[in-house]
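See below for the structure under consideration.
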């Protein structure tokens, strides 16, 4: 019996029980800025580099799909925004539904890095660390889109990866869902409007569920997957 | 009487062929006629020998006679003489009448000198006849009058005459020995009768001189050096005669000597024959591997075949002698065919270089097939004559228990096969990059020659007529065993 | 007679329906060792259920071979399950249809088609996996034969039903050196044949490093389900051969009654569970070998098998003297 | 019925004459008809003589000193005639349809050669005189040589002919040694006098004949001609040459060992066993890495010859050590495999030839995706591939299984050393079997499956029905030989019985499972214990004299091994039907199937060159067996821009092991020696004269001291 | 045979000695013409030996042999050669031999001694005739030296002379061991030698015309291996 086996057995199971029990350990999420009504809007709008904080109809709004977690709104302003601690950010796009119950305990995920900075991918990788251990939920990453139910896209879909992403989507058998993870995948992030990338996955593929965050913490992604599997009820998208 | 006819017929043919008659190709016609009649006479002789009670024909007592072995040789000579004269017609391109006369005179005289070889009974005169074969054929070797042809002719004459001079001393010593023993009639038969009384020392010496001297003519290694030169430079019909029967006819002299030597118990002649035969077979078979000229190839193969025949006779015993006699016949008919085939290739390609002749089977199928046929048959492949005879030799050798000799012989035969087929295969089937059939066609006379000459090769490979078999048996008996 | 047939079919059904469970347990245990919670032990069933509910996407380049392969891969281990003593220690209806050597060929038939189908897709990774599977396959073949030789020398038969008796009658036979060595080499063979660590990492996601998995990379829907299921059944069958034929026939039904046969099922599963535990320890302790080190692994198995066989020969030779 | 042999000969000869006489455009049809009809006659003759237990003899003419050239069809000959006829029938149809693909040749001449070859193959099998045997043997070689060379590659044909001649001479010596002992050249005479052979003579005969026949049969170390010759022979003829003539070498080995040697030396069997298994391994190793389908098949012929000889060697060992039943079994395995090999190798060569002709490429690396373009050819080749890979229930499986089982029978032997040789052979054969699957999955999948790797494939079309018919026939035969071993084994057993004087049928196809009521002859326990197994039930449910191949051991150990392909087939079909049906009912009919492009990892443009090639497929084999294969990477060429490497080009050279160890050293030796001897011919007359004088001096010197 | 006088024996021995000396001359002279002259000398000594042996008891055969040899070799042959290959004999001078003259003479000497030893057992078979003791070794030596001439001389005519010297050697032995050879063979032999000379003459001329040299030893167009 090797050292690893001994160590593993000694440590015991460390996985979170997330959907059954609330996960509240500190540091599992950076949180999102929280818009409160009594806030000096101009300062915030000017300090936000991606226009995540913007004004529509004189109302200050936070577009989470644009936020890149730069913390300027909490650091470089006189009145810092307070950040919420949650992670259940995933939201369905319009007309999108979760999988039927058949997929509830078996979901295979094909991850496509369509040109991300590495952060989102890292967080995705962490999904099967001992702590998050998504296998316990029946979620598995598969290398082959043929066996995948979910296309998990990270990154802003660069021109070079566009074809590959489309191919991967084509290669998946129905029923299939697309999950966009991270700001870049949602909207293009800092690359929005540039020549190098599309403005997010939705510009080329029908996205079903989005997980904002730059990067979104593993639990956020897990939440998105659970929602997709129909095991967690969440809000509908507004778009 | 028939023997005298035979001699005079061929002599007449030679003389007639020089008569300056205007008629087109007079020499060729007369030669053809003469050789055909010679062949008929030879067959007649053979049947006479079979019928006669003593199995010998005597024309002039102590001078001209013929035994069964001689008859076999005579048959071969006349057969190849006949085919060669047919082949000459289409093959030779004479510049003028004079050249034609010269050719046919020499050709017929050459045939004459060989025809008398088995007939003459007095050994010293036999020596002269042997010398004559050289002298009459040397101009044929140099007939093409090119640098190479003359060089070949020179080497041929110098080395064979040198051998003949050595053999002359051998014959003189033989005579000395016979005289010492008090011989009555100095003939082969007389020698054989008196053999046990002759001095072994002298007999041994005479055998060595004759063996070495005529070995040069037969082409025994290392005295064979002239042979590939001469046989590659002579015109093909002459090559057929040189390789096919001249060697055989000279071998006949040694064969006549064999029973005498054996009877006197002076030298273990069988070992000599086997060892030097084997050396010939071995060296020649390796030499064939690297030839660059296809006529030289067949010439080396002659050296090899002579070696095999010597080994076969060296094995001794009735079976071996029988096999060896069959081998003589098979070799003669096959080798002459090979040279006709080579002549066909030469007519088609105009070069003797192996590397520049390719893809015969498509360019000129008939030439290709005949050449392949020749190659296979001389290499000893069945169902051709040489296979049967080589098989019999192996059989005889193994029955004698000569495992080492037969083992080596088989190895060398195999190597010779590789070597011959290596070249033949590349010539017949090698890809030359071209596809078209060439417009070349063989002259009719060549086709006829191929047909006639191939007949015995196939026939003797699978079936031996009873008469011929009887003749061979008788011939084998003359050597002893 | 009907019982013979029914029991035999029952054996197949046991193999069919418990093989995913075994895999589920194995995976769960492996994750536990890694301090993870791990998937449900019924996860394989969920996966199959889901896959049967998915559509298929098939490569345009592929032919009918791609489509029939899952069935053959699926049938081959069922077929073998007819031959081997899964539940009973007496021969059942199909028992003499084939022996262990033949069973090996039957399993190879599945592998054969799997390889063909991997190339059939024109997928760049499939042939790679196929080629490597074949490498493992031909290296394992001599070891198999040595095992058969040993078995044949010891039991004078290659019929599994007859072989199984040999090791325990008398029980002292169990402790023959040849027996134990044989078991070791057979375990190594199972690891190699089914692409377990250290030969292959069944949970790896990197196409270029795959051996076993890349062959069915292209399968989707029920094709993938059948392929996976067939693979699990093959694994289960191999474990059964190991535990029931080579290790010891303990816990098998000895008479022709429903009671004993139903009792045999849990007993067999417990036996297999022990094997699984052992496997978990092995797999968690070792690292995957580099591709061309696999030959070294298998040659080690070969040497062990040869030693086992020599031991058996000398043992027998000594007994004969 | 005896006239049928003559009739078949007459049909072949009539075909030859008709081809020569009638117009050229009819010659193909005539050859096809006369070849196939003649074969039917031959097949019925051979079957009849095997079943009616008659030995047909005849004498041809006599050659002095040689004796009568006689022919004899005994059971072994009859078996080989069956194997030949089964191959000849489809192969002649195939030849007649494909002969027109040989460019720039006189096709009717080639067909004449082909028909003559058939005649001579038959003659080899029936001749019973040493001289006649050698004669027809070598004529056969020459005919093959001519047919091989019609493919415009003389070197390969030459090597074949040259090595074949070596073989013929070795055989000739071996036979002559026997003849010297027997004082006759007829086979009967040799058989009659085996008891007087000394041990030394036995060994010489064995070694020489094994060498000689081994050359034709493709055994090491002189099998380098096979891959060369087979890969260049025109498609029309190679199926027959590969299917029928390779057998003759094996026939010779079996004939000599079984009939002309007293079988007292266990060493013969051990040599056969070891040489056979090494041959098999080397053969398949090179088949696995080859790039040309025909060459692969050629190497695989070597492999199969090795397997056949291994089984035969096992049989000889059993026989010398007195285990007659095991010997019969092994011999049945050997002959069964021989029959099977003829069938599937002919089939595969047809397929490979058709591929090469139609796609105009020789390299597996450039093929691909043919199954869609040539569906039927692909299907038949798949059956061939399944058979040769020993996949149940096809014929290769049965014989391979029998072979392995008979090797496992070494448990009956007492000698440790011999046992070890069995184990070595078994292990090598197992490795061979594994590599065979690798080799043929590679060959089949790389040519028929996946995407087309070159443009010429795109235009490839299915061949005509007349070309497909022979393939279909052979595929059916391969299948039948696979599922009906209980009919085949007793047939082969008729040929085996005279050799081993024990029946394999009673052991392998026990009467217990026949309709005959012989159960009472068996121990009662046996019947009671096993009366509920399917095998016994099968006697009522399945037509036939029994369907189970099993070996019955002693009383305490009733069944040693068992196998039934027909049962397997039925079970397999039931399982398959059930699975497909259930999947269809429950799942498939509700789901859709979409055809999309392959999943290539998302590469923009997957070129055929980028997919895994046949060379890549074989790379593991190359690496693992690098000690034997010794691939040399040479001529590495790089093109590079300023910063990047643009391309690397390498050439790989593999010199075959046998070439490296045997052929090239021999060739170099001969070359060196011949060049050395050629120095003798310096051209200078003075030198020549000095040879003469030196010879004279040496001779005189020798005689002086004599 | 028995009553050969000592004088004849001695003279014969002298002729034998001179025969060898002249043969050495054929081997070793540079001038072709000188070589021819030595050959004539050699033939004369052969004739002398034949005549001496034929004196007592008187043998017509041997006398005839002497006469034939005298006519053919001393007169006819040089005449024939002069006619056929005049130019070569009188203008050419052989510059190089294969071996230099001292070496070739030494080897020739060795050959002579070898000839003596080889012939010893033969002459011992006939112990009475002492002429045999002279003639056989000398003849054999002549044969050897003639052959040796062929190996060392490159020019055409000396090679012919070598051949003829070999025959002379054989004859020299022959007059002693086979004095009563049938005359017809002798005549034929002589005729033979003339044809030989004639043929070689023709060839020499062709060589000269075609190749431009008579240095036969340098020709090596026909050989194996470039």
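By letter and in written order, the chains are A, B, C, D and E; residue numbering begins at 1 in each of them.
Methods note: contacts are C-beta pairs under 8 Å (C-beta built on N, C-alpha and C of every residue); 3 or more make two chains touch, one makes a residue touch a chain.
Source: prediction; values computed, not measured.
Any chain touching chain A that also touches chain B appears here: D. Touch-path distance (fewest steps) from chain C to chain E is 2. Farthest from chain B in terms of Cα centroid separation is A. Top contact pair of chains, counted by C-beta pairs, is C-D.
Comparing mean CA positions across the assembly, the chain most remote from chain E is A. The most central chain, judged by C-alpha centres against the centre of all protein C-alpha atoms, is D. With centres defined as mean CA coordinates, chain D is found 45 Å away from chain B. Rounded to whole angstrom units, the spacing between the C-alpha centres of chain C and chain D is 33. Work out the mean CA point of chain D and of chain E, and you get 70 Å between them. Centre-to-centre separation between chain A and chain C, using Cα means, comes to 41 Å.
Residue positions of chain A touching 2 or more other chains, listed in rising order: 144, 146, 170-171, 173-174. Across the assembly, chain D contributes 592, 594, 596-597, 599-601, 603, 675, 678, 680-681, 685, 687, 689, 692, 696, 700 as residues in contact with two or more other chains.
Within chain E, the positions touching two or more other chains are listed as 121, 147, 150, 159, 216, 219, 221-222, 224-225. Here, these are the chain pairs in contact: A-C, A-D, B-D, B-E, C-D, D-E.
Within the complex formed with chain C, the chain A residues making contact are 1-2, 4-5, 8-9, 11-15, 17, 102-103, 105-108, 128, 130, 133, 135-138, 141-144, 146-147, 149, 170-175.
Every residue of chain D that touches chain A in the complex is listed here, in rising order: 592, 594, 596-597, 599-604.
Taken in their complex, chain C has these residues touching chain A: 27, 31-40, 43, 46-47, 49-51, 53-57, 205-207, 210, 213, 217-221, 224, 281, 284-286.
Interface residues of chain D facing chain C in the complex, by the touch rule stated above, are 368-369, 371-372, 378, 382, 386, 389-392, 397, 400-401, 404-405, 407-408, 411, 414, 416, 419, 423, 426-431, 433-435, 437-438, 441-442, 444-446, 448-451, 529-530, 532-535, 537, 548, 550, 553, 557, 559-564, 567-568, 571-572, 575-576, 579-580, 583, 586-588, 591-601, 603, 606, 610-612, 616-621, 623-624. Residue ranges on chain E touching chain B, taken from their complex, read 121-122, 124-126, 139-140, 143, 146-147, 150, 156, 159, 162-163, 166-167, 169-170, 173-174, 177-178, 180-182, 184-185, 188-189, 192, 195-196, 199-200, 202-203, 206-207, 210-211, 216, 219, 221-222, 224-225.
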